[in-house]
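What follows is a pair of complexes built around subunit A, which joins subunit B in one and subunit C in the other.
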Partner chain A sequence: MLLGLVSQSLLSGVTNGLIYALVGFGIAAIFRGAHIANVMQGEFSVVGAVVVDVLLVQIGMPYWAAAIIGCLSGAALGALIDVVFIRRLVAQKAPDDSYLLFTIGVSITISAAVLFLFGREGHLLPPIGSGQIFIVLDAVVQEHALWLIGISVILMFALRYFYRRTTLGMRMSAAAIDPDGAATIGIDVRAMRTLTFVLGGVLGAIAGILITPIIPVSYMVGLPLTLKGFSAAILGGLTNPLGAVAGGLVIGILEALVVMQMSSAYKDVVTFSGLILIMIFMPRGLLGRAGRAGG
Partner chain B sequence: MLQIASLVSGYDALAVLHDVSLHVKESEAVAIIGANGAGKTSLVRAIAGLNRAMRGAIAMHGADMTHLPAHARPAHGIASLLENRRLFGEFTIEENLRLAETAGRKLRPGRTKFEWNDVCDLFPIVRERGATRVELLSGGQQQMVAVARCLLLQPDLLILDEPSTGLAPKVVKDILEVLGALRDRGMAILLVEQNVGIAASLTERAYVMSLGRIVHEVAGEEWRNFGTDERLAKAYLGGGREP
Partner chain C sequence: MRRIDRTRLVAAASGLALLGVVGPVAAQTNASDPIKIGVILPLTGAGAGLGIPSRNGILLAEKQINAAGGIKGRKIKVVIEDDTTNPDAALNKANNLIFGEKVVALVGPIQTANTVAVGGITAPVKFPQVALGGLGPAVELERKCVFHAAPPQNQNARAMLAYAKSLGVKNAAALYDSGYGTVVWNQLSKFAGEYGIKFGVTEKFEIAATDTTPQAAKIRASQPDAIFVIGVTGVPVRAIRQLQMKQPIIAAIGQATYEIVKSMGDAAEGVVFPEFLVPEDPLPHQKAFVDAYKAEYGRAPKSIESIAYDALKAMSQAIGKAGPEAGNEAICAAMRGPYSGNSTEYDFSAPDMTGIKLNGFIYSKLVGGHFNRLPFKNAE
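Up next, the complex of A and B:
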């Protein structure tokens, strides 16, 4: 019985932690490729999930088709935000804080649009797979949780490979590290930034589609997702997908332990205190210098 | 090959280059000298496409590139080594070079000027420490990598903004040796230098800049004596700076 309690809460810690990591992936990608703290990352997830909900539940499209279109909608939204807005801010040499204000503004706008078009109530997507349930170490495991864990881990390695080994990934990093240096060796810096937002949008949408069978999507969930995603990403060093997973797991498991030991009322207090301590003693994040560079 | 006519350029709306005209012919090594703030770096940035041309024209091989974005200019045969090198510190030597090789100019097979192996032969450090992150190298080693990176763009004209700044005399000598070898192989060079002695040792001609204009052109005997002729140096570079 006790074993069941411990393993159940660990499992929920891991699942939640990977949810935070999934949101953190997109935040890290956009910070790495554009040096922008993207406060609207959670809205990519909301839009992706809402699109899939409409196509799947209301129109009756097959799951895979709805999921692909959901990801494409994240990509399109990312491209739109860069081409229509960010590009102008960059051309006018806007100071850093204007990007922060801009993404906060977009986040509020999207959340209002979702409220207007989609209503107040939350919507759950059906889980991936056949909804089977397994018992592992006395804990109940949903099949969807396994998909979420598996896809997060695959995404983490895929992103790492993308940034370290592929020409496109390296160009995207180079364009952000030194735009002038990158341009003089023939890298189209503006295009790399647009692709960075496309990548951030797709990652956000994937996160939304994986999260929504667990957390109902509504106009309100974008900002909380962003906050947890940021915590995970910052804890991991802010540019590194591996770091986002490490950070997400630390937060998720810490939360689960607090809920098990005390009460869920203290969850945020204790976890954020823990975060503050980690950031004081490891200001570069859990993975240190390697976390910043490694990708 | 490079032809600049009545160029006005600068930062945002502020013009710092006024009516600059100059040219570099095939296989020619030309220097640009001038005191601090004369506009040398601004000129390099304008040629590289990083600063907008407000008036005038820049052409390479007769093709106009006045308003071409910076990333499209290597395809016309220019490679610019900017001030402070601008390498990607967290990438390895090899990654820095491969990025230039793949993003830069594509010449037809068989016409490539610098193959990977040529560059390794010119710069042994590429073979010896290819997997080392660039930020861990000394300034001189980084400068070598920066020149190597330019060569992999397969340029016809190499533009260098004060490649000797901040380096020990021995290292400067090494770099000059490499640049001299490149010049002897027929690479055209546009060298920005404050150190007239260094500039005169590598180039056959020079433009003197002051306050954003080209105020004088020197060649031949006069240019060879420029570094040692106190009066000339003083007149053109202002103040009693060391040549």
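Up next, the complex of A and C:
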């Protein structure tokens, strides 16, 4: 049974860590492309998940079609927020703290809108695959958890490739690092920022769709997801998807080990004390300069 | 001369302040005006999941009271304020309702912290208030005009333990959240011995936790006879069942809502709750309420709605008994006594300001996503 406890704890640590990383991907993308600390990232996940649930359960749409529309809803929400609000803030040369306050406000507004439109219930999506259960080293492994792990890893490498190898990815980074310089070489800075928010919205929606078969998603879940996603992203270096995975795994596994070895009452105290120590001794994040530079 | 003026000014201000304190009830003198009853609920924020169904129960009670002729021929009007799940906001709203709107009584809030905050201004002036949560910290025992329409946590804990005992549970585990769950857990640990139950692994999680699998894994390793789950989401129950644990789950009343059950998914099967209303199989006296609620809102009510409904009806009965112009102390005195509610039998003169007995609980078990009333009944 001890073997089962250890393996189950590690498995749940990895699964939770990758859930944090999935949310962290979107936070990293928006920070990288717009230099905005986006507190509403968890809400993108909630909206994506709830839209898919409504299309799947209430309208009876096929899962794949509902998932695509769920991702598009995240993209549309991201684009809307940039075009309607962020552009105005940029035009008025708003300081960095204004963006933080703005995203906090939008987060609360989206949460209230989800409560108003979709009610207070927790939404659950069916798992990807056949919903099989495997017993590995006396630990229960759900098939969906394996899908979540696999898709997270694929997303991590896809984002890494996008930013390092594609013209669009490099343009998005350049537009955020030096908007004036980027504009002089013909990059449409405004369009790149909109695309950054579109990417953040899509990543948030994908995270929501992958998380919802494991975690019931309701109007209250957005902020807790954001906080854990932020922790994962910052720990990894904030702009690098590989860093978000590393940060998420450290947090998830640390949480699981604290619960296993100590009392769950101390889970956050010990975990976040550990994170403080990591940030003191590794202020650039787990991946150091590579994390900040985007790997 | 200047000194006299100042003295008069201070005296006048004091007089006005005094009027402010005694004024709220005296202000409603026009017999054709509706009788205003203030309601404070968490309609936004983390508590909205409790506040919104409570509002529905209260509005149904208001409608029924007015349809039946009101109180002594006068209609009632509930003035609903949102405390945003925040004690500071609850306090401000209570001040506005009592001294601005000049309501004759208050219903709400729900959360303990908010109720304690509002009680700080209602108790000194003996202003009648029925909170929708159970009795909180010891200070509330002294507040004899702050009544409670929900059971205190020691009764919730005993109701859960009594059912576990009936199953022959000896070794139990508990999974509880850091808010409501901790309060109930403190009572469970206090009374478990009386029921011959010993708690082994007990694990805590944050109220808004998105996953409790690590805690559930630890419980799984301890192989308890039953698991007590106390929280306000379906997350812990899912975690337990996802790890293929088959033990009985006894959950607290706070989770006995359709929304939380839906969020449990298939994991909800077999979970047992001590509570007050099973709409699928209501007690004979509860059927009219269930039917009226369904007709009004197109969905079934649960204990939360029923408790809020009872709170307004009990307060309205007390206002009728004392008379709407009788003053706050008289209405408060009229509240003290037995009241046959839709949810259960109350005795608001009891030391815990609610008087709900253990045999006033009913038990439900989830089968196929529906609540089924169990034959189990506590002997008080």
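Convention: the second predicted complex is superposed on the first by the 294 of 295 C-alpha atoms of A that agree within 3 Å, B and C clash if a C-alpha of one lies under 4 Å from a C-alpha of the other, contacts with A are read in each partner's own complex, and residues count from 1 in each chain.
What we mean here is this: contacts are C-beta pairs under 8 Å (C-beta built on N, C-alpha and C of every residue); 3 or more make two chains touch, one makes a residue touch a chain.
None of these values were measured; they are calculated from a predicted model.
J.: Tell me the contact category for A:Asp188 with respect to subunit B and subunit C: first, second, both or neither.
T.: first
J.: For A:Glu121, select first, second, both or neither according to whether it touches subunit B, subunit C, the two together, or no partner.
T.: So A:Glu121 only meets subunit C here.
J.: Determine, under the contact definition given at the top, whether A:Val140 touches first (subunit B), second (subunit C), both, or neither.
T.: After superposition on chain A, A:Val140 lies in contact with subunit C alone.
J.: Mind telling me which of the two, subunit B or subunit C, contacts the most residues of subunit A?
T.: Between subunit B and subunit C, C touches the greater number of residues in subunit A.
J.: Tell me the contact category for A:Val259 with respect to subunit B and subunit C: first, second, both or neither.
T.: A:Val259 sits against subunit C, while subunit B stays out of touch.
J.: Considering only touches as defined above, state whether A:Asp178 meets subunit B (first), subunit C (second), both or neither.
T.: First partner only, subunit B.
J.: Classify the contacts of A:Leu2 with the two partner chains as first (subunit B alone), second (subunit C alone), both, or neither.
T.: The second partner, subunit C, only.
J.: Output check: A:Met170 vs subunit B and subunit C. Expected answer is one of first, second, both, neither. What do you get?
T.: Touch partner of A:Met170: subunit B, not subunit C.
J.: Show which residues of subunit A lie in contact with subunit B when the two form their complex.
T.: These residues of subunit A touch subunit B: 93, 167, 170-171, 173-174, 177-178, 180-189, 292-293.
J.: Inside the complex, what are the residues of subunit A that reach subunit C?
T.: Its residues touching subunit C are 1-2, 4-5, 8-9, 12-13, 15-16, 19, 112, 115, 119-124, 133, 139-140, 142, 211, 214-216, 218-221, 223-225, 228, 255-256, 259-260, 263-265, 267-268.
J.: Touching residues of subunit C toward subunit A in the complex: what are they?
T.: So the residues of subunit C touching subunit A come out as 44, 46, 48-49, 52, 203-206, 208-211, 213-215, 217-218, 220-221, 223, 233-235, 238, 242-244, 258-260, 262-265.
J.: If we count contacts the way the header does, which residues on subunit B are in touch with subunit A in the complex?
T.: Those residues of subunit B that touch subunit A are 12, 45, 48-50, 69-75, 79-80, 82, 85-91, 95, 98-100, 102-105, 133, 149, 153.
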